[in-house]
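Here it is: the structure, laid out below.
So that you can tell them apart, the chains are marked A, B, C and D in the order they are listed, and the count of residues begins at 1 in each.
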Amino acid sequence: MSVILEVDGVTKRFGGLVAVNKVDFAVEEGSILGLIGPNGAGKSTLFNLIGGTIKPDEGRIRLDGKDVTGWPAHRVAREGVGRTFQTTALFEELPVYLNLAIGYRMRTKTNLFDALLRTPRARREQKEITQRVIEVLTFVGLGEYFDRPAGSIPQEAQKRLAIGIALMGRPRLLLLDEPTGGVGPEETGRIIDLIRRVRELGITVCIIEHKMKMVMGLVDRLVVLNFGVKIADGPPQEVCSDPSVIEAYLGECIA
Amino acid sequence: MKWIKEKLNFNLLVGLASLTLAALLPLLLQRTSGGKYNMIVLTYAMIWAVAACSLNLILGFTGQACLAHGALVGIGAYSMAIMVERVGINYWLAFPLTCLLTAFIGFLIGLPSFRTRGPYFAIVTLCFNVIVYATFENWTWLSGGLAGQSFEVPPVLASRTTKYYFVLAFLALTVVVVRQIIKSIVGASFLSILSNESLSEAVGISAFRNKLLSFTVSCFLAGMAGALFATVSGRVDYSITSFLHSFNILVYTLIGGVATIAGPVIGAVGLYYLLDRIKGFGEFRYVGFGVLLILIIIFFPRGLMGGINQLRDWVKEKRSTKVAPQGEVGS
Amino acid sequence: MRLRKLTVVFTLLATIALMMASCGGGEGEGKGVIKVGLTAPLSGVGAKYGQDCQDGLSLAIEDINAKGGITVGGKQYIFELYPADDEAVPDKAKTNAERFVLENDIKFVFCPLATCINTLMDMNTRAGEEFLIMAYTSVPLYAQRSNPYMVTIPPPFSSYIPDFIKFAMGKGWKKVALLQTTGSYGELWGKTFKEAWIKAGGTVVAEAPASYYTETDFTAYIQKALAGGPDVLFVGGPSQPTAQVMKQARGLGFKGGFIVIDQAKMDEIADAIGMDMMEGSVGVLPVEDSQFSATLPFAKKYKERFGRRCTWETAIHYSAFHILARAIEKAGKVDDVKAIREAFNAPGVAELSGDEYPMAFDGINPNTGALFMPATASYVEGGKFVPLESIEWWKK
Amino acid sequence: MSFFINQLIIGIQLGSQYMMMALGLTLIFGILDISHFAHGHIYMVGAYLLYTFSVLAGINYWVALPICMIILALIGVLVERLVYRPLRGSPSINTFIAAIGLLLAIETLVRGIKKDAVRVPVPVDRSVSVLGMSLEVQRIIVILGALLILLMLQWFIKRTRLGIAIEAMAQDREGASLVGINVNRISALTFAIASALAGVAAVLMAPLGAITPEMGNPLILKAFVIVVIGGLGSMKGAIFGGYILGVIEALGVAYISSTYKDVFAFALLIVILAFRPTGLFGERAA
């Protein structure tokens, strides 16, 4: 299997604080990577660096061997990186189907004139969008909410919608920042199930998660961050027995 | 998607009905001289409605508060008058050229301005407007000074009635353009920036490029409003570039209903007409108007159209027992 | 909450309805009514200026109506004034005029701003919708394009320039610094004055025009002007900021004179900063120092009634309105604009005596429609206004 | 050289006035996210209050100063209560519209009451000579007064409980309400302080010029430019921005063009924001 994402010595400082310090790891295509660590360990910052929301001070980020360091977020997204945010980010005022449609925008070529004149291309792509929306809507199981404003649907459905939006553009790599945060145990199961099905589509997944139990059963590999530094990297069981990890987590990991 | 179609058809029906009404109105108004006056006021009001629609595109649908629309309308009006009178370009050629020129100027302003966000963007555009106004006020070679720039309208457009229809046609065109954009995936990208800029970046939409696009189109329409203004008034002077116009356009848009297609039209036509009618109240009318603005914005934060939509939703909620439209996602 | 909203809506609607309802004007009585329009800034920055103009017209109408109005073609007519606010914006002036003509059937429109008059000139010759513009501006708009139905009331601003220059040069002042207001009017004044000054052998040592409408502190400008070591400063815009400029110039140690453009009123400046600081200024003669015997009583009456100082705007509008009334009488028609405009040319119509009216007129140029109103400058010496000889500019 | 220094002093004095206005605005923005566009009109009301007390009622200028400040502070609280509080949480463009409505109403009302421009006498009617050019004492009072006010404000913000709460809220609004800071009280207080600052500016500046209903308009525009140059919500930015703009304006008039002075000032802002999109002292955009 080939490496899809390569993080190579990436460092990010905010003022005097080093949020991410010379972190490197690689993700193999088709695998699920878990990213864990205590609060403020720099996990979300790392996602923002990969996703292009912020630029690293040092180090390189490569996608499929292509150097995407310092690319703006929208270009990284077009390279096939879908992502969700820690605080669930949706287009809250817009209906669910439009949320999804927007996720597919980067795969369409309709320009202003197509839109104004409703050219054949615009019509064709409109159909394409609708089809894809139905596909994803079914895949994430949000059919019943399709015309509701995204902000008004239940918390757990919002989480699935966020994943759905990220899936719309047919990403090869999906970055999920706490996809089950603030969700009850029963619903967590549904989301985990969704993530498994995503992997079955052949999409590589990187996931930040606090619920250790869930992570252990889901991921192929674990990367542990503490104070911006990578302290462990390997198969879940191996990482959990690592003494530095136990120290960072005060034994919570084993539970 | 069936239900959208139903809703659209309803809106379309209302739109067509208002257009027909507006088109028939002159037949009535032409009869009396007082009616003719109302026609003139409505003609001007519709020009500002075009400007308000153009502001709505960038403010309402893309979320960027632009305070330079007075200047843009002014630039459009001047470029029209100068092209026709001094350069000697044919009116019908000058009209699209004016729109393109204003769009291009907007594009140039947008390049540095969209590096900033929110209130910063608003102030940058306001500053641009102040600069344009000061330039036109003092550079009399450009603006024609006290006399302004006179402007010969083609004979076809000489009468009040044809001017009315001419402006009405362009207002209808503007509404259609805005609607076509908003109901398309291009417009959805604009909406996504308004709603959540970082998420739209994360799904591959370049906020900068889309804002710039939206602004350029908005400027194109503002230039059109300017060209219409020059056509209707026959003389352009520096006061048209004032940022007070920017504020007015903003007020029309917000009171009418930001981010709705009909709102800016209703706001501009309604308020312009109202303000003209209450002229007889002397200076103190502006105390009342000021208080009215505050009250409306407090009690109807989404403007008149927003209020109507709210009311409609509320009625719908009361009446219908919700049926989940499962599996009806067909286009 | 919903109830509160509804209440608000209804209150708003009721207010609007009330406003609309009370918009209809009052109807005339048994006598015929001649309606006269005024489009002027009646709100905003120019509100006072517009109010002064309106006061002049109202007083004239009051006086004429009190005497039973005028007799035209054997019928008695009284006047009624329709003031409308244009906020100094030309396109609003334009809609005002449209309303006058179309809704109110008005044939005579007073307008005191050059920019607004310009737009009125575009529309007053339309067949069937003619109206007479009574233009109150010292910019000679008729020189650029003629208008058959326009009467220009005050003298052109340039008629003051020779006197201003003669006075300044007579004092031995050769170096001037330009410090007038920015904007089109100030620029026009500045340019014309500069040319004349240089032609007369003077030099311009500094140019620092300032926006009198937006600045409140002129020190930076004045210092720039003073750095050139001028003998005299060319200032002027609205009265208040002009006073401010002069005061600050004195504060900065300027000892020379001021040449004040006609927009600023010397008496208002004196009210604001006192006569001491104005020593050596030359500008338009104040109302109360007028050479006409009727002016002072008029000004006093005005002040008693309105509690404000009478300005030339009021006095001149008052007088000019009487000329209009005479012309209508002479023409024998109340709605034939062409005949009425021609009646201005008839001997005696456009001639008012300074013993009866606060401003004297000496006829009209039949071609341009410019009334012959003398321009009188005055300078300040020993804490007093000293009038110069009135300039009969039309004779040159 | 003396010409340059004189222009510099004038610039600093202009800047003092700008700074006092900009400080109020930036406090209001930082804490409440409100573009208080009617702030210039509050300043204008302050000048008219001074006229009322010192000319009409004959109260001593220095006694009138605190009275005007207090009354203006109360007006500020009233404005917050009646206009801005009901709008809390709505988009900032809505508060902007409300501000336009407010300034329209205030300006028209004042003009309706008093049409003519008014003046108040200068408390110390003297000029001093600085490097061969004379300077009115009142200008020096403005410069020193502004500095004094600035120091007092700094003391208040850094040393008093309320002040610290204000600063905390300016930096982190949500966090502040979490640790139990009473948001309503703080917003009222902010408006009171900002309006009182405008009051000081008005009282100090009023004797130097005519008092007119529209005197707030150019000032508010400048003050906003400063707040934006400095970075919205940044007090440091408002202070530096105020002095910088004042000095640039004075030197611009002297050495570039007086007619296009505003053009240069506003163009400068656009250039600054093109390179630093959140102002000189604003937090960097992520």
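The rule is simple: contacts are C-beta pairs under 8 Å (C-beta built on N, C-alpha and C of every residue); 3 or more make two chains touch, one makes a residue touch a chain.
Note that the structure is a prediction, hence the values are computed from the model and not measured.
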**Request:** Average the C-alpha coordinates of each chain, average all protein C-alpha coordinates together, and give the chain whose average is closest to the overall one.
**Result:** B
**Prompt:** B-C or A-B: which has the larger count of contacting C-beta pairs?
**Reply:** A-B
**Fill in**
Looking at Cα centroids only, farthest away from chain A lies chain C
**Message:** I'd like to verify one number: the distance from the centre of chain A to the centre of chain D, where each centre is the average of its C-alpha atoms, in whole angstrom.
**Reply:** 47
**Item:** Centre-of-Cα separation between chain C and chain B, whole angstrom
**Value:** 36
**Message:** On a C-alpha centroid basis, what's the spacing between chain A and chain B, in Å?
**Reply:** 40
**Complete:** dist(centroid_CA(chain B), centroid_CA(chain D)) in Å evaluates to 33
**Prompt:** On chain A, where are the residues touching two or more other chains?
**Reply:** 53
**Request:** Going through chain D residue by residue, note those that touch at least 2 other chains and give them in order.
**Result:** 108, 111, 259, 262
**Prompt:** Residues of chain B touching 2+ other chains?
**Reply:** 138, 283, 286, 292
**Asked** What part of chain B is in contact with chain C in the complex they form?
**Response** 33-34, 36-37, 40-41, 44, 137-138, 140, 143, 145-148, 150, 229, 233-235, 237-240, 274, 276-283, 285-286, 288, 292, 295-296, 299-300
**Request:** Give every residue of chain A touching chain B within the complex, in rising order.
**Result:** 51-53, 72-75, 77-78, 82-83, 85, 89-94, 97-98, 101-106, 108, 110-112, 114-116, 118, 122, 125-127, 129-130, 133-134, 137, 143-144, 146-147, 165-166, 168-169
**Request:** Write out the stretch or stretches of chain C touching chain D in their complex.
**Result:** 43-45, 47-48, 51, 182, 207-211, 214-217, 219-221, 223-224, 227, 240-241, 243-244, 248, 251-253, 272, 308
**Residues of chain B defined as touching chain D within the complex** = 59, 65, 112-113, 115-120, 122-124, 126-128, 130-131, 134-135, 138, 247, 250-251, 254-255, 258, 283-284, 286-287, 289-294, 297-298, 301
**Prompt:** What residues on chain D touch chain C, complex-wise?
**Reply:** 3, 6-7, 10-11, 13-14, 108, 111, 115-117, 119, 127, 133-136, 139, 205, 208-210, 212, 214-215, 217-219, 249-250, 253-254, 258-259, 261-262
